[in-house]
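Look for chain A in each of the two complexes below; its partner is chain B in the first and chain C in the second.
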Partner chain A sequence: MWAAAGLVLAVLLPFAASQGDSYESFMDVSTMVGIYVCMALGLNIVVGMAGLLDLGFVAFFAIGAYTYAIFATPQANNFLHFMDFPLSGNTFWLFILIGGLVASLFGVLLGIPVLRVKGDYLAIVTLGFGEIIRIVFNNMDKPINITNGALGLSSITPPTLFGIQLLNASQFYYVVLVVALLVLFIIRKLEASKVGRSWRAVRENEIAAQAMGINLFKTKLTAFAVGALFSGMMGVIFASKQTFIDPTSFTMLESITILVMVVLGGMGSVPGVILGAAVVTILNLQVLTEVSNWLTDLSVNGGIAIPDVLSPSKMQRFIFGLLLILFALYKPKGLIQEKNRIVDPKKFTEAGENAHASN
Partner chain B sequence: MLENILRTLPQVLFDGITLGTVYAVIALGYTMVYGILKLINFAHGEIFMTGAFIGTAILLAFSSLGWIGTLPIIILVLVAMFLTAGVTGAIGVGIERIAYRPLRKAPKLIALISAIGISFLLQDLVRFTTEFANDGNFYLIGPELFKSNINVPLSKMASFLSDASFKTSFLFVLVTAVALMIILDVFVNKTKWGMAMRAVAQDRDTAALMGVNVNKTISLTFFIGSALGGATGVLFAVQYGTIDPYIGFILGLKAFTAAVLGGIGNIRGAVLGGLIIGVVEMFAAANLSTLTNHVIGAEYKDVFAFIILILVLLFKPEGLLGKALHEKV
Partner chain C sequence: MPMLQIKDLGKNFAGIQALKDVSLSVEPNSITAFIGPNGAGKTTLFNMITGVYPPSTGEILLEGKSLLGCKPDEISRRGIARTFQNIRLFSKMTVFENVLVGCHNQLKTNVLTAVLGLPFTKKEENIAEKEAYKLLQFVGLAESLNEEAGNLSYGNQRKLEIARALATKPRILLLDEPAAGMNPRETRELTDLILKIRDEFKLTLILIEHDMKLVMKLSEHIIVLDHGEKIAEGNSHDIQNNPKVIEAYLGTGAVAK
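Presenting the complex of A and B:
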């Protein structure tokens, strides 16, 4: 099944889209779907698997994006004098990792004070952190101009692969596809590992988990750091794809959008979250704009006056808010429910017997 | 440098206390709901914002009826506050009934998600209602009610101080907010309903066994918290003029910080926390660039509430007036 999906994504989808004239814009949406899928998978670790509500996830995305953007534009010349910036597009591949690690570091720094405290303070602290990061990036143009403030950073160097500059959405699509597969692979491994099982244990019952010898603080902190890592990585890709970033791309609405993806798809369920991310991204970038355009056409040509106020592209908050409430109330497990892996008890008894025999 | 700071201190205190009383009354709503349900009511900031809009709309209606100028302003504002409090109180009860009550036994995470959903929904409902009514503008400017400024000639009393001034609405905001807090304190500590609220907060099941109607008590808590939030919204609109649908979010965040600082669940603590945050924020706004030699400016003032929140969680998670809770297994 995975091979079939891979074939569709790598060959069929780009090929099917290549016939029309809106090829690039179609691939652009597909690329964004990929970016959001990875982010949602990252948030799924924090919210879905470890049960920690993070409402400022976009902060880590912003940190990753700015990490690359500052060094891939002449901006870094303002405070670093030992080499000449912008760095070449070859460094992009390294920066995917660096951006992720920087974001992860911030995740740990934020997690240390908050995760020690019992209670739901995490939600409000992350909410605040998301907002603070935006304010800080918005104002770090003085005394030393680091982020260029509200003007944002433009002409970010696009990545280079074997001497070819990647400029089009169709090229980015493959970059994102490879990264997404990598992320998926890592998450699948993590899910089944000891730490993945501890996350779930902590989510289900902290006291019982502690009694089984799980260190609550460490387990939560790992979830937080891994989530931030993926978010930061995608930030780097986002910055290089857009070639322009400013603080307005990283608002609370973005954080909530990613949360909607996770809740809609099914908290903790990897296939669910992929579905959720794809649905919400396409809804956000394609459907809402098209319906809005259609409504505008209708009120221009058809004489049915639909006030601009109700234009669906402005109603994201309404739609997302409603989705969150409805899913919380009626379908808290999401579209595709998380599956518990069935453990074959024979495997364990045999292994146990073998171990005994060898003794 | 210090002289400068001292010189402007009285003005900072006036502004800080005004802002602080607003935070304090909103913090009461957070603290009451948290005390009784152990749930962060994310929608509370939005209730405050909705209150600001409803109140301003009522005042604008009064203004178009020509009542402003003919009737005493204080009475008009009090009427607007009273009506608004009724509406937002009802909204609060409705939110609890629809979005929180069915989830009372569900994991905390699900209830929080529902709360954040409500918060977003309210923001957008207010936005497009305002845009409908106000020619496509999502912000609202209230009628100017208190035009005069009061000057306090401090420089005559002490030469190291400079004059301070405040809008007359400052006095009104202060007196009303303090009155609201005293009424609430008496209500919670002295009445039968207040006793029921404290009992439910302490142990819901035992309270039910003692004959307390738990659902009614929780509804009442939401009504009072939301009515206070809405009334404060009106005060905020009167004091600061322009309002938009997104004011509730960051203000709610600060008010929540105030509640945590004072000790969540503790009503007097919330008031103390609100005042501290208000004064610290205004102090930062006035003096940050002097203190840091223009490296950091007043635009970082919003960061302070957040830093306080982190520090409290690190060093005194039970808050200034709260008691450390022991985990029940």
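Presenting the complex of A and C:
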């Protein structure tokens, strides 16, 4: 099944789209889907598996994005003088890792004080953290200009692979696809291991988890760090793809949108979250835009008078909200529910018999 | 040396003295019962032994070494496991995974080795899985291994809690009202199970229980608490004839007749 999905994503989807004239915009949406899928998978570790409500997740995305953007523009020359910036596009590949690790470090730094509080309080503190990071980036243009403040960073160096600059969405699509597969691989491994099990145990019952010898603090901190890692990695890709970032790309609405992907997809369920991220991203970037364009056309050409208060562009958020309510009502546990691993008892009985026989 | 020794243990909750100067000791490989009316401080005592609350006064020693200041997970690592009065299973996880969580500390895997899928990770996971399955067979839940823990019957949930606690490889097992909500047949089965646990795992068992038949049948040593104080201890015969105990259970004047 995974091989089939891989084939569709790697070959069929780009090929099918390549016939139309809107190829690049189509691939752009696909790339964004990939970026959001990875971020939602990261948040799913924190919220879905470990049960820690994080409302400021976009902060780690921003940290990753700025980590690359500062060094891939002349911006770093303002405070570092030992070498010349921007760095070349070749460093992008290294920066995916660096951006992820820096975000992860911030995840740990945030987690150390914050993970002592639970539930609603944790949500509020992470919400605050998300806003603080955005505001800090907005104001770090003085006294030393590090982030260029509200003006943002432009002309970010695009990645270079074997001497070729990656500029088009169709090229980024493959970068995202590879990273997404890596993220998926890591999550699958963690989910099936002791680490994933302890995350879920902490979510289900903290006191019992602790009585089983699970260190609550360490377990939660790991979830925070791994979630932030993926978000930071995607931040680097996002920055290089957009070639321009400013603090408005990282508002609270982004955090909420990622959370919606996780909840709508099915908390804790990896396939669910992938689907949720895809649905929400495509709705936001493609379907709702198309619908509102169509309605605008209709009101201009078709003679249907749509009053200003109900203008389609305003309706876009309304329809999105309405859809969320419908999902919440009819699919309260998400599109694909979290499934438990099923083990075959024969594995133990036969193994036991064989062991006896060999003895 | 006693397995567990408690010296002058006390606990105040915002002025309410839940436990006052309780001293006791538990011998290795024995079965001890804590009994007493509701609110006597039995579960509070368990919570302090397992590090859920720090004691206000006194000391707890496991084989002569103090447990003070240890968090519940450290205490689990040092060999004390427990079940809960109000069942605390990982109810959305399967029966099998619940027991696997109990194997947590026998696994050396961390985030990195789990992702890399190193051979030792797989090996220790296989060992843990086999152990978990054996424990489920031991408590008689092997057939339900893929069921969600929350869907088990009440009695089976209690058994699963025992299996999960055993998976931590404890030296002392604390059972908080293991027979609560069980019918007489289930209680009889549980009695046999507890004896089997003691003998096969060479454990020291401490239980809190209201079912006196079970307590009298199992316990070699009984400690009676009332209003946070130890009012009596001894074997089942001593306890049944102790006027203070009868008074605590039946009220003042009950002895006079």
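Keep in mind that, in the parts below, the second predicted complex is superposed on the first by the 315 of 359 C-alpha atoms of A that agree within 3 Å, B and C clash if a C-alpha of one lies under 4 Å from a C-alpha of the other, contacts with A are read in each partner's own complex, and residues count from 1 in each chain.
One rule holds for everything that comes next: a contact is a pair of C-beta atoms (placed from the backbone, for glycine too) under 8 Å apart; a residue touches a chain by one contact, two chains touch by 3 or more.
Bear in mind that the values here come from a model prediction, so they are computed numbers and not experimental data.
A.B. asks: Which partner does A:329 reach: the first (chain B), the second (chain C), both, or neither?
C.D. replies: first
A.B. asks: Tell me the contact category for A:195 with respect to chain B and chain C: first, second, both or neither.
C.D. replies: The answer is second: A:195 touches chain C but not chain B.
A.B. asks: Examine A:248 and indicate which partner it touches, taking first as chain B and second as chain C; both and neither are also allowed.
C.D. replies: After superposing on A, A:248 lies clear of both chain B and chain C.
A.B. asks: Kindly classify A:120 by the partners it touches after superposition: chain B alone (first), chain C alone (second), both, or neither?
C.D. replies: Only chain B is touched by A:120; chain C is not.
A.B. asks: So in the superposed three-chain picture, is A:256 touching just chain B, just chain C, both, or none of them (first/second/both/neither)?
C.D. replies: After superposition on chain A, A:256 lies in contact with chain B alone.
A.B. asks: Once chain A of both complexes is superposed, is A:342 in touch with chain B (first), chain C (second), both, or neither?
C.D. replies: second
A.B. asks: If you stack the two complexes on chain A, which partner ends up touching A:207: first (chain B), second (chain C), both, or neither?
C.D. replies: After superposing on A, A:207 lies in contact with both chain B and chain C.
A.B. asks: If I apply the document's touch criterion, which positions on chain A are contacted by chain B in one structure and by chain C in the other?
C.D. replies: 207
A.B. asks: Spell out the part of chain A that touches chain B in their complex, as residue ranges.
C.D. replies: That would be residues 47, 51, 53, 55, 113-114, 116-118, 120-121, 123-125, 127-129, 131-132, 135-136, 138-139, 142-143, 207, 252, 256, 259, 263, 267, 307-310, 314-315, 317-318, 320-325, 327-329, 332 of chain A.
A.B. asks: Where on chain B does chain A make contact in their complex?
C.D. replies: Residues 39-40, 42, 99, 102-103, 106-114, 116-125, 127-128, 131-132, 136, 249-250, 253, 256-257, 260, 294-295, 297, 299-300, 302-303, 305-306, 309-310, 313-314, 317, 327, 329.
A.B. asks: Can you list the residues on chain C that touch chain A in the complex?
C.D. replies: Residue list for chain C touching chain A: 50, 52, 71-73, 76-77, 81-82, 84, 88-94, 96-97, 100-102, 104-105, 107, 109-111, 114-115, 117, 121, 125, 129-130, 133-134, 142-143, 145-146, 148, 164-165, 167-168.
A.B. asks: Taking the complex as given, what residues does chain A use to touch chain C?
C.D. replies: 185-186, 189-190, 193-195, 197-198, 200-201, 204-205, 207-216, 222, 226, 338, 340-343, 345, 347-348, 351-352
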